Amino acid sequence: MTRVTVEDVEGVFAIMPTPATPDATDPACMNSVDHEESARAAAALVDDGVHALMVNGTFGEGATLTWDEHRAFARTVIDAVAGRVPVFVGATTLNTRDTITRASTFADLGASGLLLGRPMWSPCDDATTLGFYRDVAAAVPDLGIVVYDNPVAFDGKLSPRVYAGLSEIPQVIAAKYPTLGPSFLADLEATGGRLRILPVERDWYWAWRWAPDSITGCWSGSASCGPHTSVVLAERIATGDDAAARRIAEELRECGRTFFPQGSFELFSRYNVQLEKIRIDEAGYLRAGPCRPPYVDCPPEYAEGAAESGRRLAALSARYAAERAATASGSRA
Amino acid sequence: MTRVTVEDVEGVFAIMPTPATPDATDPACMNSVDHEESARAAAALVDDGVHALMVNGTFGEGATLTWDEHRAFARTVIDAVAGRVPVFVGATTLNTRDTITRASTFADLGASGLLLGRPMWSPCDDATTLGFYRDVAAAVPDLGIVVYDNPVAFDGKLSPRVYAGLSEIPQVIAAKYPTLGPSFLADLEATGGRLRILPVERDWYWAWRWAPDSITGCWSGSASCGPHTSVVLAERIATGDDAAARRIAEELRECGRTFFPQGSFELFSRYNVQLEKIRIDEAGYLRAGPCRPPYVDCPPEYAEGAAESGRRLAALSARYAAERAATASGSRA
Amino acid sequence: MTRVTVEDVEGVFAIMPTPATPDATDPACMNSVDHEESARAAAALVDDGVHALMVNGTFGEGATLTWDEHRAFARTVIDAVAGRVPVFVGATTLNTRDTITRASTFADLGASGLLLGRPMWSPCDDATTLGFYRDVAAAVPDLGIVVYDNPVAFDGKLSPRVYAGLSEIPQVIAAKYPTLGPSFLADLEATGGRLRILPVERDWYWAWRWAPDSITGCWSGSASCGPHTSVVLAERIATGDDAAARRIAEELRECGRTFFPQGSFELFSRYNVQLEKIRIDEAGYLRAGPCRPPYVDCPPEYAEGAAESGRRLAALSARYAAERAATASGSRA
Amino acid sequence: MTRVTVEDVEGVFAIMPTPATPDATDPACMNSVDHEESARAAAALVDDGVHALMVNGTFGEGATLTWDEHRAFARTVIDAVAGRVPVFVGATTLNTRDTITRASTFADLGASGLLLGRPMWSPCDDATTLGFYRDVAAAVPDLGIVVYDNPVAFDGKLSPRVYAGLSEIPQVIAAKYPTLGPSFLADLEATGGRLRILPVERDWYWAWRWAPDSITGCWSGSASCGPHTSVVLAERIATGDDAAARRIAEELRECGRTFFPQGSFELFSRYNVQLEKIRIDEAGYLRAGPCRPPYVDCPPEYAEGAAESGRRLAALSARYAAERAATASGSRA
């Protein structure tokens, strides 16, 4: 087996939650993973056309699974996907050595790579950040790394200088990018094309408008509310159908309008897990289940905004599923 | 054995580092704890008069030890102290269940309690924070809890509302408080005397001036640079010797002047582990050793400020050690 | 006449609003000052024992008066006070030259000095800040200067380095200090006793506990809700009656509890003028009147918190007024 | 004369400084405007093809001119332009009434409109912001208003809700937009096309890629370093020549690389006036002259970054001037 490379970064990198058993909010529950739903959901996403899976980031509860659960879940997903698309498993911990231990295990289980944020007890400066990624890459050289750039979770946006340094690490093939902001072009430039920046699906069209040669994929949390929208968007972008891609981009914006409490990412971040799982459960494409402690509470008005977003995304994905089915049956005819 | 209570919170709660072997910066080193020095240092602090030990907070590298190391280190310290003073072990993790697992182990090893910050991947709101502490207290009811209030590490200062809620949890007996700020009086008031606020040793006199009945102890990282200054300060405060206590407070301020880069706690927090360990090694009272990854780099000018602080603290502690020796021999004469 | 000096900084520096006519919220109103009430209020505050007056800071609407109004109001107040206590007039503008022009006018009108914040269109660094104060002091050498340290209005807290520099300017005799925070001791130390730090009345006792020799006065916005509380506090502190001073400090804290929306100074600052004027009008000691544009709107729940604070302050001041009257008649008997 | 409308917002809105006499840094200098250079520079910009002039924003020293100077300068510029392009004069003050007084004067002098930021002593909430703009528009109904959205100068970014409200005021025809950030699309959407968002020249291409129908012009401070680059960019965008426009966009980015100290807009904002005037003087297209107090100091390394940016912009503008000349002579041949 050969390592996943930057050339493999194309299309929809779907992020799925870690489906939970009904008692998962109880701190005494020590087997909270719903493995059956995990396997079913992973297979469904792949069947429906996503191009890679990423698990155990923020709403994938990389922070709140026990290590036993985390490992078992990774195995379930990797086995369900069975090599059809690359699988990137979250390996963020509080330090370099724990991350390496986990990464080695994921490698043994057959993961393609890691979704990897930096330690966040103390904020990492640029040198510490790069040292961390270099050490992990050296320790598990056969895994591709998708860097997780989340300014709230990991104490600040990665700088262009860090992007430049990351781009020199061969295993680093992509970055899960936050909402497009003022340093996007500088970050992109700093990568020199040696790693791919993955915007979120609702930003994909806009990033692609700016950098059609460099932006070849997106990450998508909303794919877990139904992946058809993102998959069709990928097709439109791949064929350069600007007008159709823009229409989807605007539909996705419309679906996201109620998702961020008061329009604030900072506020959202306090309830990231809860809001994503509420949204997914409302959409009904897969069963995320309850949240693991301590991230279990959520103000009701924020929850309702997430649920509304889930309903809109489900409807949109259903529409694109129908289009795809019609096209497919048309082309068969 | 009875649980440690709020009445036991008195005097100097010394924080010691986790002494490291020479190869501890190497991510491949999996046994980085210098147990001999750990035992010696813990015993020395107790012999020299500190009133409690706290380990595995930030500069105690609670974030960067492996679980195997962490557990072994806790055993070493608890055994070395042998019940002479309470020992609080760091149990902060990314989630409730891992914290409970670790806390149970520490209870089995004979720890008196926990030094406990909240999960910090996603910021915790007030309800999530209180839920976390309640769940842990319920799971390990025989351990006292020193809440760790560090606004940078744990995503924001605890609010008076959280202090009020914490004060209703019987096991929560104290809070390791950050630098005195505008909400100190409100926080103190919110505790209703049901838990003790522990300022840092250099703030102790000032907090005591404001609340002589409530402020009965301090936490002290500088005790690891020589504990005699803090111990004498405790005596002066206990006897109400205001002038002498103020003199020590001002001496401690003088020792701290070069410690915070550009006077900034935010900046300090990026190099918290490194700067504390440099300071301690320069002071020479115990051997902290190198830092564990990823927190290994530090700008040289910040390092020099920490070293200078260590030299000043060592000289000051030596002077108070001599005074104590003279007094002791005088009182024996 | 000799310039006011650092020795004159003692007691209650009351801040009064700029009483407004009923049509003052109308942008077309060009004579919005209620001169009769202005003269009456200034005289009342002095009659009731405050030790200095400060006008035209933030809630004194230094920002929103026209220059014609501002000048006329300053004359009214200075004339009403008639030299019985020093009067400091706000002269903050967007630049050095406008401030000097205004300051010269106030000097001609007989002001003792200026209440002076720095320009705030672009944030001032330390050198720019010191240059500004030096230029003004050189241009109006006979005026004392009370530096206005307000981190929200003037883009950041003054640093200890700025306090050190300010203390070298002979005309700078005091600083209107924000809520006590972590740099208070460093700021105080930096002044070398060459200028006085004035905490707000509700912080006065606490600052005095820390630095009994240096903290000789306070600023008081709540004096405009009835000055008797602050004046009695000044007497208690002057005679070193710690227990009585602490009691008043706690009463003042109780009165302030509803004043800051959600306990936040940042949020308060968006409605500073409105909330202070609502509080004063509710207390009834003087008539502040409506606010001048653009600062006229205020969320009703914040307004109610301010009104409640006004009611409490009025009741407290009335109680201390009665005590003072009883004492006075007692001592006459 | 009819009021300037949203239809007139097209092309390069050049911002020019307020040229200063050699003694302008002296607080005693009361006639610091170099009127001859002001007239020459304004005419040169118009001769060289810019589509509108904006004066007396931040680096145009709207904050630090005296009112006498400001008025006289506005007259000079308006007269020099002589109606060939619209002129927008800065009218930001600390309050509504002063702004209206100044705006009326500018209207009398023949200005087309205002470049208008909100008062910034106390931060304005959304209602206060909208109230301010509504009051000004009502008072000077014949002036167009370019809203000045500068998050540092005016205490926070304007929200989509404010953009929606502004778009309902007929006189508000454009917004001078800050660096493209995450809320750009939401802001644009909120305007409903009733006002134009003007990005800075180096963002113009990118904004236009996203919203080709809505983004019809830019503001340009660098035009004062030579306007030919921006003017050619306007032509390329007008003709839809994407490749050529992108090339210029990348050249402009290259020129800006050294301009923002440490890549930070916050840091830049402390020296905005100084850095812009240094850049302009180094470029040599017009003579900005020294800065007015208090904004006179600037760290030398930041100054050098600005000078380098000026040299690059001058070279680039010269190249496009030559191209334009060649084309013009070619088309004449």
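Here are some notes:
Which chain is which? They are A, B, C and D, in the order written, and residues in each are numbered from 1.
Everything that follows uses one rule, which is that a residue touches a chain if its C-beta (ideal position, glycine included) is under 8 Å from a C-beta of that chain, and two chains touch if they have at least 3 such contacts.
Computed from a prediction, not measured in an experiment: that's the story for all the values here.
A centroid comparison over C-alpha atoms places D as the chain most distant from chain B. Separating the centre of chain B from that of chain D, both taken as means of CA atoms, is a distance of 53 Å. Between the Cα centres of chain B and chain C there is a gap of 40 Å. Listed for chain B are no residues, as none touches two or more other chains. Viewed as a network of touching protein chains, the structure reduces to one closed ring of chains, two contacts apiece. For chain D in complex with chain A, the residues that touch the partner chain are 159-160, 179-183, 185-186, 206, 209-210, 253, 263, 265. Those residues of chain B that touch chain A in the shared complex are 27-28, 30, 58, 62-66, 92-98, 100-101, 118-125, 127-129, 131-132, 135, 139, 152-153, 269-273, 292-297.
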